[in-house]
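Just below sit the structures, each encoded as structure tokens.
Both of the next two complexes hold chain A, though its partner changes from chain B to chain C.
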Partner chain A sequence: MSGSLATQVGQLAHRSVLRTLRQPAQIVPAIVFPLFLLAVNSGGLKDATNLPGFPTDSYLTFALAVPFMQGALFSVMNSGTDLARDIETGFLNRLALTPLRGAALLSGLLAGTIVLGVVQGVVYLTVGLIAGAELAAGAGGALVIILLSVSITVAFGTIGLFAALRTGTGEAIQGLFPVFFVFLFLSSMALPLDLIETDWYRAIATANPVSYLLDAFRSLLIEGWEPDQLALGFGIAATIFIIGMYAASSALKTRLVRT
Partner chain B sequence: MESSARSGGIEVEGLVREFKNGPRAVDGIDLEVAQGEIYGFLGPNGAGKSTTVLMLTTLLPPTAGTARVAGFDVVREGPQVRASIGAALQEAALDPLLSGREHMRLQTALHGLGKAERDARGSELLVRVGLDHAADRKVGGYSGGMKRRLDLALALAHRPRILFLDEPTTGLDIQSRTALWDEVARLATEDGVTVFLTTQYLEEADALANRVGIIDHGHIVAEGTPAELKAEIGRPTVEAVPREESDRERMAVVLSRFGERANCSPRAVAVLLQGGESQLAEVVRALDGENIAIEHLQLHAPSLDDVFLAKTGRSLEGAGDEEADAPEPEAVAQA
Partner chain C sequence: MNAPQAHRPAGLRAIALAVAWRSIHNFLTNPAFLVPALVFPLFFFVSFAGGLSAIANVPGFDFPTGYTAFQFVFVLLQSAAFGGVFTGFGIARDFETGFARRYLLAASNRSGIVAGYALAAVARAFVTWTVLTVVALVAGMNVGGEGIEIVGLYSLALLVNIAATMWAAGVAMRVRSIQGGPLMQFPVFLILFLAPVYVPLDLLSGWIHAVASINPVTALIEAGRGFISGDPEVVALAFAIGIALPLLFSLWARGGLRRAEAAG
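Let's look at the complex of A and B:
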């Protein structure tokens, strides 16, 4: 007697979504904090649009890409903390005593992250547009922005799962948050790559994949449809997802030592 | 041996678990549990009880030795073992954000029960453990006893033949503990479920287990029915309190005819009855013959703590204290 993979994924996804929806403390900061930073940055840095070569007259439109990345970073915390709690409380052992497959566990756990990604994407975009941001790619672009937001959120979520399975503690996951934020700051978050004048900063930002994820959002907001930038953005998200899932699957095998 | 394991029992030979840079948590234990038996695995904290359960439930590979559960090898046939067993491990591992009913749905689905059967089985078990009234409340608001009962219901979701309960009543009040004991006893007697129960509580092993294994420092130091174990080492103690304090010395002289002195409260005199409990009437007659008025007379049966003390040279931590606080006399006489 063992459930099909689809049943297992469905049940764990249902639990993951319920857990996410029943923890406003997970959802609210992931939405409010990036929007707060958006308001501060777009107000304080709006003169950057006067720089020769700046791609838009609206710094709000340029900065609107950032909340999507910050929201994805929150997904590392949320997915990781949830799984770490399961490890700490022994719930993972309960699951291990069922015919549960590892792939079902990881996929199911990411379901809550997908919900969070959709909610975040819709809220950030709606608030941004209401505040006056532009959306060059139109309604179709809005859908792609939400899809990209979910893709990046899920990709980063796998890193949270890996960290939880390796460390087994919620504290370790919390400790990752500042590290990921450094990645965000050392990117094209505040300025386009070609306008960063400090050489070392530009070199790091150019090597930082976060810059290209931001560019993918910006291409839809500022320029319209830019297949190359979108492909790069989705490609990086897919690469992070594949690496994250592989690492999480390996860590799960070590964590679940059932015979 | 083989047949008992095949038909829903447990068979363990030379089981060892060694942790890196640590002691041998389990050091070559042998045991056998027959189908439908309640086996009490008794020992203090750190004795190796939970490590044994983790190995028998396939969650921890043994370093050496063999174990067959329901006829399946715990190392080579893990999935078959897991399909045959239910387990409520040391902490009630529940999700505080889900309701009792949601837990049952998840558990029954992961065990592969059909969609129509899931809700029926979940409701049936929630009723059985007395949680039907709280089935739709989040588990975060449950009491310790309710969590333990839900844990038991979850362990039974797929109708296992063998049930592992790791300290299922630790931290519960007497009422919750008794309710859980009743349910465990019913599972064994009516449903024929084999129960492997670890506990620190002497009274729990005494009340529930058909047989008891006492583990200390990874070794099984004694095994048998509670009665056999007590009979092996124990003699009953008679404890008497004279009505007049001045008679205490004379009472001690009279009682010393029946056996050696034993520890007791300051106002009382106690001796280990060499001839067993049948000497109680003689004791009363002897005291009466010496005109010593008795305020209180009590016969203490030997306990599993006495067994533990005899086998290890020390009292069972915690549980020993508890038993001393609440003795269960077999016979009480008021003079």
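Let's look at the complex of A and C:
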């Protein structure tokens, strides 16, 4: 990275991180809401571990993968809403008058998402372990879980950037939240794929990449080190990131032409 | 020359109907309002009844009409509650845009404004319930209850809808901004999910059993499940709670209306 680009990214990253940290309304729901659902689901679905073939006798351990995905969904909202606000307030137009590069803008905007991803990952894992969840992969597994959490959070964050650049309004970004929740609910969120009895539901969940992201977390929590599942999880996150960045870059060019 | 006729101010009924008509018209003609109201309950129904159907195989789970009917009751009551909350969003939006101020200026009896919003919430709930019920029956839901029991189920849902509307209206008229949305939504979400959502109360254990045992929504859900299975239980308690909640939250909404009036 050239010195100029590094400076540009650094300035925007600094602003993005500060803006994230100064908005409790972004951080608190992204942490509290997934933990609440974890508490409710791990209590309410505890008996699911009695089903033959359930991979663990602790539903809490099984369900602990879900908050990481919910946190990533919040990153779509947060990154998208921040950029949409920059568009609505005219800040992006002012940036367009500077020699700032598009890559610097997008990378810098994701800095706040990275920080949020780290905070979320550490909090979810810590609370889960304190509550009694197991971590079969040990301390090294904890680090990989945080890394995977950040990777997925950033990957989903690029979708938020793309949506903001395409729509230009925070209201439209908020409207996307339920759409992304569909992906989470129609996955192996509550039961393993092979225990889902409804055929069409199992077919959708099998085709849904979110199921494999959940499996990557669960492999570390329940089984230990499973390179195939981890590679698949990181690979899906990388693919979403590449597609999201490409789409956001294209949308940025279009928006700057419009202005 | 005849003396000019005195202009009679509109009564509560006329005001309520006018407010309700506008809200219902907005709901039915704006896809941004209509689609989420229909899609969300269906989505929850599909996720719970489809994705979790294996829960019916858990030892001790013996709901006679199956897991689809078991979850239908929860989703019906949830859609009733969230129909009320979404109406609260509409009230908050009317305050943000200044339309609610025009209501306050024009209405001789301002309770009619709240009554109108409540009527609109009921109307939108009926639209949602119709679609949800048709989808559930097409999906093969078994219904064990007789006609009167099904009326009982939908009556409970109606009471939940009115209670949630009054709660959300009270918040909306105090905050008078859509930023109050989470305050309307989160407590409702919380109390609904701290009830026996996935399995009967008897199969819950630990803290969630303790909380669900004292959660008033538990009685509503259990009574609703009793109705749909044709084996009514805790009916008197459920209706006592179902009637008390709207009355309680009507006082809360009236207080909100007074705050809005004072704010001008």
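Keep in mind that, in the parts below, the second predicted complex is superposed on the first by the 254 of 259 C-alpha atoms of A that agree within 3 Å, B and C clash if a C-alpha of one lies under 4 Å from a C-alpha of the other, contacts with A are read in each partner's own complex, and residues count from 1 in each chain.
Here is the rule we use: a contact is a pair of C-beta atoms (placed from the backbone, for glycine too) under 8 Å apart; a residue touches a chain by one contact, two chains touch by 3 or more.
Everything numeric in this text was worked out from a predicted model, so none of it was measured.
Enquirer: Would chain B and chain C fit next to each other on chain A once aligned, or clash?
Expert: fit
Enquirer: After the superposition on A, what does A:89 contact: first (chain B), second (chain C), both or neither?
Expert: First partner only.
Enquirer: Looking at A:205, would you say it contacts chain B, chain C, both, or neither? Reply first, second, both or neither.
Expert: Second partner only, chain C.
Enquirer: Quick check for you: in the superposed arrangement, does A:225 touch first (chain B), second (chain C), both or neither?
Expert: neither
Enquirer: Would you check which partner chain A:183 touches, where first means chain B only, second means chain C only, and both and neither mean what they say?
Expert: Neither chain B nor chain C is touched by A:183.
Enquirer: Regarding the shared-chain residue A:29, is it in contact with chain B (first), chain C (second), both, or neither?
Expert: In the superposition, A:29 contacts chain C only.
Enquirer: Closest pair of CA atoms, one in chain B and one in chain C, after superposing: how far apart in Å?
Expert: 18
Enquirer: For the complex, give me every residue of chain B touching chain A.
Expert: Residue positions touching the partner: 57-61, 74-76, 78-79, 81-83, 85-87, 89-91, 93-95, 97-98, 102, 105-107, 109-113, 138, 154, 158.
Enquirer: Enumerate the contact residues on chain A facing chain C in the complex.
Expert: Checking each residue of chain A against chain C gives 29, 36-37, 39-41, 43-48, 50-51, 175, 178, 182, 185-186, 189-191, 195-198, 200-201, 205.
Enquirer: In their shared complex, at which residues does chain C touch chain A?
Expert: Residues of chain C touching chain A: 32, 36, 39-40, 43-44, 46-47, 50-55, 57-61, 182, 190, 193-194, 196-199, 203-209.
Enquirer: Using the touch rule from the top, collect the residues of chain A that touch chain B in their complex.
Expert: Contact set of chain A toward chain B: 1-4, 7-8, 10-12, 14-15, 18-19, 22-23, 86, 89-91, 93-100, 257-259.
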